[in-house]
Amino acid sequence: MLTNSHTPDAATQVEMFRRMALLKANDERSRKVISTGRLIMPYYSYRGQEVIPAALSVNLTDDDYLVTIYRGIHDMIAKGLPLKQLWAEIAGRIDGTCKGKGGPMHLTYPKKGIMVTTGVVGSSMPIANGLGWASQLSGDGRVAVATFGDGASNIGAFHESLNLASVWKLPVIFLCQNNRWGEHSAYAKTTPVARIADRAAAYGMAGIHVDGNDPIAMYGAAREAVERARAGEGPTLIEAMTFRHYGHVFGDADAYMDKAYKAEWVAKDPYPIFRAQLIADGAATEDQLAGFERDAEAQLDEAVDYALGSAFPGLEQLSSDVYGEAA
Amino acid sequence: MLTNSHTPDAATQVEMFRRMALLKANDERSRKVISTGRLIMPYYSYRGQEVIPAALSVNLTDDDYLVTIYRGIHDMIAKGLPLKQLWAEIAGRIDGTCKGKGGPMHLTYPKKGIMVTTGVVGSSMPIANGLGWASQLSGDGRVAVATFGDGASNIGAFHESLNLASVWKLPVIFLCQNNRWGEHSAYAKTTPVARIADRAAAYGMAGIHVDGNDPIAMYGAAREAVERARAGEGPTLIEAMTFRHYGHVFGDADAYMDKAYKAEWVAKDPYPIFRAQLIADGAATEDQLAGFERDAEAQLDEAVDYALGSAFPGLEQLSSDVYGEAA
Amino acid sequence: MSDAMVAEKPAEKTAKPVTILQALNQALADAMAEDDKIVVLGEDVADPEEGGVTGVTKGLSTRFGETRVRSTPISEQAIIGCAIGASLAGYKPVAEIMLMNFTTVAMDMIVNHAAKLRYMSGGQTNVPIVIRTMTGAGFSTGGQHADFLEAWFAHTAGIKVVIPSNSADAYGLMRSAIDDPDPVLFVENMPNYWTPYPAFDAGHRVPIGKANVVVGGSDITIVSYARMMNECQMALAALGEAGVSAEIIDLRTIAPWDQETVLASVAKTGRLLVVHEAVVPFGVGAEIAAVVQEKLFGKLKAPVARVGAPFNPVPFSKPLETAHVPSAAKIADAAIALVQGNH
Amino acid sequence: MSDAMVAEKPAEKTAKPVTILQALNQALADAMAEDDKIVVLGEDVADPEEGGVTGVTKGLSTRFGETRVRSTPISEQAIIGCAIGASLAGYKPVAEIMLMNFTTVAMDMIVNHAAKLRYMSGGQTNVPIVIRTMTGAGFSTGGQHADFLEAWFAHTAGIKVVIPSNSADAYGLMRSAIDDPDPVLFVENMPNYWTPYPAFDAGHRVPIGKANVVVGGSDITIVSYARMMNECQMALAALGEAGVSAEIIDLRTIAPWDQETVLASVAKTGRLLVVHEAVVPFGVGAEIAAVVQEKLFGKLKAPVARVGAPFNPVPFSKPLETAHVPSAAKIADAAIALVQGNH
C-alpha cells in the first residue's frame, strides 16, 4: 500500500469543486427530468461519488483515455463530455454523441478521450489495457483509466486485466469506486477480503486504498497513479471508498440497506463538506462557489433545451453504423 | 502462508510410493504405446509430477470429489481410476470409462469421485465449487479438489472460483501444480507475482506454497487442506512446485526451455529420490519397492491388452448420450 | 419425455389472471416445496437482496433458507460452474444469469461443460440444471441488455432451450425444465413479466418440445414465441380485415422444436411465416425454414418467410428501438403479402 | 468494400505449392512489413514461445520485435479486450484465440464489445481487429477442441466471419481481414494447415463477401467452405460416375455471405446442397437454405439439402470422430439423391 505526498494547490481545489458542482447539478437535473416523465431511460445515479472523477480528471489531459461504465456519467462530464451532446444522447436524439443509438450506458466521445462506456460488469478493464498498450507502443505518454465498481472486482475480467497490465507494465489506472454495494448486494456478502486495494498484491501491482470522498486524498491517489503510468512504471489499482445516495438504478429506494447506515453515509455527503472547507480555508468565496452552481444550472438549462429540441434519428439510422466502408 | 505439522507414517509413505510407481509406469507405458503408433491421441505427460496426487490421494476417500484437467491422468489413477477402463478409454473403445467418447481429456469415473476432466484451462475450478456446495448442503463431509496448472492461475475462472469458495466457505481445495510452464510460456513471462499461493490473500483464503516434489511436505499440505475443508473451515489454495519432464504435449521437445535448466530439474526427479529415501529410512526394502514396480508393469500389461482387445463403439453410439430420458 | 409425467393440462380460465413473474415465482416455490434437492443461485436472488432484481425469486430464501437460495457475487462463470458441480452431486440447481447478454461471460461453462458432460462421460454423469435469464427490447436499455441469443444455444448439442409467452406456459415449462435430466436454458421476457395472463392449475407441466396451436386457421401458419406471440395475436385484426385466416403456433421450446406440429399445420395451410425478436440472419427462423422447405417440398404455396429484427445491435433511441422489434403491423403485412402472392 | 482495393487475383499456378500455414505466416509478415500499426498478440505467439503452437506466427517477433508481437498470459478476455482497446487508438491488432472452443471465454468481448462499439458510438469509433482461431475434427482431440461455431458469430451484427479452404484464399482473406475497418473472425482449420495448395502472388487480396465458383456444373450446386471443400472435390469422382454434373462453390466468407453468386448458380442448376463440418441444426446451412428457398421459390427442382455433423459433441473414438465429420461419400450420396429425386 503506497501513500502519497501530492496536495492540490488552492486553484486546483477550486477547479475540482467547479467540476463537482457540475456533476451534482447534472445528477439532480437527470433525476428531476426522469421523475417528471420528460425522459425515459435506465439511470444510475452517481450522487455522492463526485469527488472521485473531479480529483482524477484534473490530473488528466484530453488525450488520456477513459473507459467507464453505466454508472459513469460523472466520470465523463469531469473528463470533458459536453453537456449538450450528453443530454441529446440520453434523450435519444440525433444530435447526441452517439446519434441516440448508444444511450446513457454507451456514451462515447473520443475527442475528449472517452472511448467506451460499457453496461457489462467488469468489461471496462480489458479494453483499457488495449488503450494502454497503444500508448506504450507509440510512446505518446497517454494514460488509460478504467473505472468500475466494487462488485466488479469479483468478475473474471478484473483478474485477467490486472494480471496482464502488470506483466506488461501498461500505463493503466484501475479505478474502483467502492460504494459498498453491487446492485442489492452488500460488499461483505460477495467479497471475502477487507480491501479491494489489497488484491493489487496478487498482481505485483501498486494498490492504493483511499477515501474517495476526501478531495485532497483522492487527488493525491490519482496523481500518484498518473505519474506512475506516465513514467512507464506500470499500472495502479485505486480503491476509492464512497457511497451512492440514490439506489442502484432510478426507482430503487435502497430498501435492502439499513436505514441508519444509509442516513449516516448520506450525512457525510462530500459536496457540502468540501464546499464549506474551501470557504473556511479562504481558497474560495461563497459567491464564487455559488457562481459555479448557478453556471452549472444555466449550462443544464441550455443542454436540456438543446436535447429536447433536437430531432430523433430517422429510421435510416436503424441499420447504419453496423459496418464501415473499406478504405 | 500457513505451515503444517502433519507427517505421514511409514506405511502411508510406502503407500504413496506405491501409487507413484503406478503413475510413473503408466506414463512411461503411455509414451511408449504412442511412440510405437499403437495409440493415437493428444497425450499430456505428467512425468515428474507424481508426488502431488500420490500425497493428496492418501488423504482422500473414494467419496471425495476430483475435478481435473487434460494433464490429470496421474490425479485420476491416484484417486482410483481403474487402469483397464482408463486404457480402453484412451484407446477409444466401448469398454472405456466413457465408452470411448470422452478420451484422455475427458476421463470420468464417478464411482471413485472422478467427476469431470476438462480440456479448457481454468474450468476445473468453478465446477469443483458446485461439488463443494453440494457437500455443504448435504453435510456429508465430502471434499472437492480442483487441480490446475500455473498458467491457469491467470484466467478469469480462477478468480471467480476462489472468491466464491471463500465467501461461501466451501470445502474445496484448489491444487495448483506449478510446473513453471504453461504450454511454451515460462511462468515469469505471464505471471507478475512470485508465488501463486500469495494470491490466496486476495480472497481471504489460506494459501500454502509447498515443494510438490517433496512427498512429506506435500502430504502435510494436502492433509492440512483436507482437514480444513472437512472441518467446515473453508477452502485452501495449494501451490505445489514441480516440473514436467516431457514437454507440454507428446511430440513437444521443450525447445523453448534452456537446456541446462531443464537438465537440472530432470535430475531432481522426485521418484528415485523418494525411493532411495524410503529404503535408507528403513521404511521399505528394495524388494518391496521393486515389487510395486513389477506389479505396476503387470497391471499395465493387462490393461493395455484389455484395451486393445476391446471393441470400438458402434455407430449407434455417435448420437446417443446427448440427452437423457425424462424420469 | 414420458407423457404420463408431463401431460399438458389446459390453463384454468376462470381464476384470477396471474403475471409471468408470479407464475415463475410460484413454479420455483412449488418445486422447492416438493423436492429439497432443488436449489437456487444467482446475483441478488435471496430476500436480503430483494429476491432478484425483478423479484422472480422473491420469498424463496425466506421460506426455504439462504442455504438453498443463495445470492452470489457478480461471477457468472462461477455461478454456472457451481450449478454444474452441484448437479453432478445430485442437486437440481436453478441458476440465474440476470440478462441474456451476460451469458456471454459464461459460455464456456454452458456450452463446453453443462451441455457436453453427459456425452463426454459416456452417460455416466448428467447436468440437470436450469439456467434462467431475461431479455427483450422495450425498456431503452440499449445494445448490451436486450439481445435474443437462443439460436446459439439451439446450435449446441446437449442443452435444451425454452421460452414461454404467457403465465401458464411459464409455470408449466419451468416445472418441466426442473424435472428434466439435462441442462435447460429458460429465457424470460423482461417486457412482459408484468402482463396478466389466464391462470393455471398448480403442478401442471408443459412438456418440453411441444408447441401450442393457439389460434386455428387455414391460409397461413405463423410460428412465433416469447413476447412476439402478443404481436402475432394483435396482428389477427388486420389479417381478418384482409380476409386472411391465420393459424398461430407458439413454439414454446426452441430446442428441440416441435417439427411435427409445425409441419402438420403448414401441410394444411401451405404457407409459413416465422416471427422472432432476434435478428433475422442465422436466427431460429432459418432452421425452421430449412426444415419446412425440405419436408414439404412442392407442397408450399409460398416461400417460408421470416420477420425478425434487422441486422444491427439493439438501439437506444425510442423510435429506433420500437422500429427494431417486429410489430403486429409488420407481421400482418408479411403474412398478407405471402397469402396474396406478393413475395 | 471497394473493388479497386481488393480486386481478386487468380492464384499463380506455376510456383511451388504452399501450405495454409505458410500462407498465413506470409500474409501476417507482409502486412506487418507494410504497416507498422499492425500488431499481433495471443498465447505463445512470439518466438521465444515458438511462434504459436502450430507456428502460424513463427518468425514475426524476431523480425518485428516483441513489442509488436506479444505472447500473452492464458487470458482470452484480456487478449480480445487488449485488441479492442489498441484498435480504438489506431492500431490494427491480429489476436489469436488458440482454438475456436475457447472463444467461449471471450464472447462478451467479441459480441458485446468488438461487434457493437461502432454502432453504439454512432459511428464515432470502430474496431478493426482480426481474431484468428483454429478448429476442426480429425486429431482425436474430443469434445472441447474441434467445434465449428461460425453460425454464432454470423448471427451477430457488427462482425464478419471468414474461413479459407486453401492457401491462396488464406493469404488473400487474411490481407483483406487486416485491411477491413471492422472486426473479422478468421477461422483456420487445424487438420489442413499442412496441406500444400497452389501458390499465389504476394499482396493479393480475396475480397470479403465474395464466394468462389471452384468447379462449374449444371445439375446441382454444392456450397461449402473450409476443409469440407476437399471432401466436396473428392466427391466429384462418384458424382461423375453417377452422371451428375456438380457446380462447387467455396463460400470463403460466412458473414456477409455471397448471396449473388450462390443464387446465380442455383438459378442455373435448380438444386442446392450445403455442406459444413458444424452440426446441422441451426447451422450456416439453415440460413442459406432459408434465403435460397425464398429467393428462388418455385424455381427449385429439389429442396435445399444440408450435410453436416450430427447433433452431438465431437466424439474422441476414431471411428466415431470419422463418422461425425461429413465425408466425400456422404456428400456424393446426398447430391445424387437430390438430382435423382430421392429426397
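Lettered A, B, C and D in written order, each chain numbered from 1.
Throughout what follows, contacts are C-beta pairs under 8 Å (C-beta built on N, C-alpha and C of every residue); 3 or more make two chains touch, one makes a residue touch a chain.
These figures come from a predicted structure and were not determined experimentally.
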item: Contact-richer chain pair [B-C vs A-C]; value: B-C
item: Chain whose mean Cα position lies farthest from chain B; value: A
item: Rounded Å distance, chain A centre to chain D centre (Cα mean); value: 40
item: Centre distance in Å when chain A and chain C are each reduced to the mean of their C-alpha atoms; value: 37
item: Chain C and chain D: spacing of chain centres that average the CA atoms, whole Å; value: 31
item: Multi-chain contact sites of chain D, meaning residues that touch two or more partners; value: 72-73, 75-77, 101-102, 104-105, 108, 112, 119-120, 142-144, 157-158, 311-313, 315
item: Contacts with two or more other chains, residues of chain A listed in rising order; value: 98-102, 106, 118, 120, 154-157, 160, 163-164, 167, 189-191, 321-322
item: Partner chain A, residues of chain C touching it in the complex; value: 43-44, 48-50, 53, 71-77, 101-102, 104-105, 139-145, 310-313, 315-320, 323-324
item: For the chain C and chain D complex, residues of the former touching the latter; value: 77, 101-102, 104-105, 107-108, 111-112, 115-116, 119-120, 142-144, 149, 151-152, 154-155, 157-158, 255, 278-279, 281-287, 289-290, 293-295, 297, 300, 302-306, 311-313, 315, 343
item: Chain C partner contacts - residues on chain B that touch it in the complex; value: 65, 67, 96-102, 106, 108-110, 115-116, 118, 120, 123, 125-138, 142, 144, 156-157, 160-161, 163-164, 167-168, 320-327
item: Complex interface listing, chain B residues touching chain A; value: 154-160, 163, 166-167, 189-194, 198-199, 201-205
item: Touching residues on chain C, where the partner in the complex is chain B; value: 1-2, 5-6, 39, 67-68, 70, 72-73, 75-78, 80-91, 93, 105, 108-109, 112-113, 117-126, 157-158, 160, 179-182
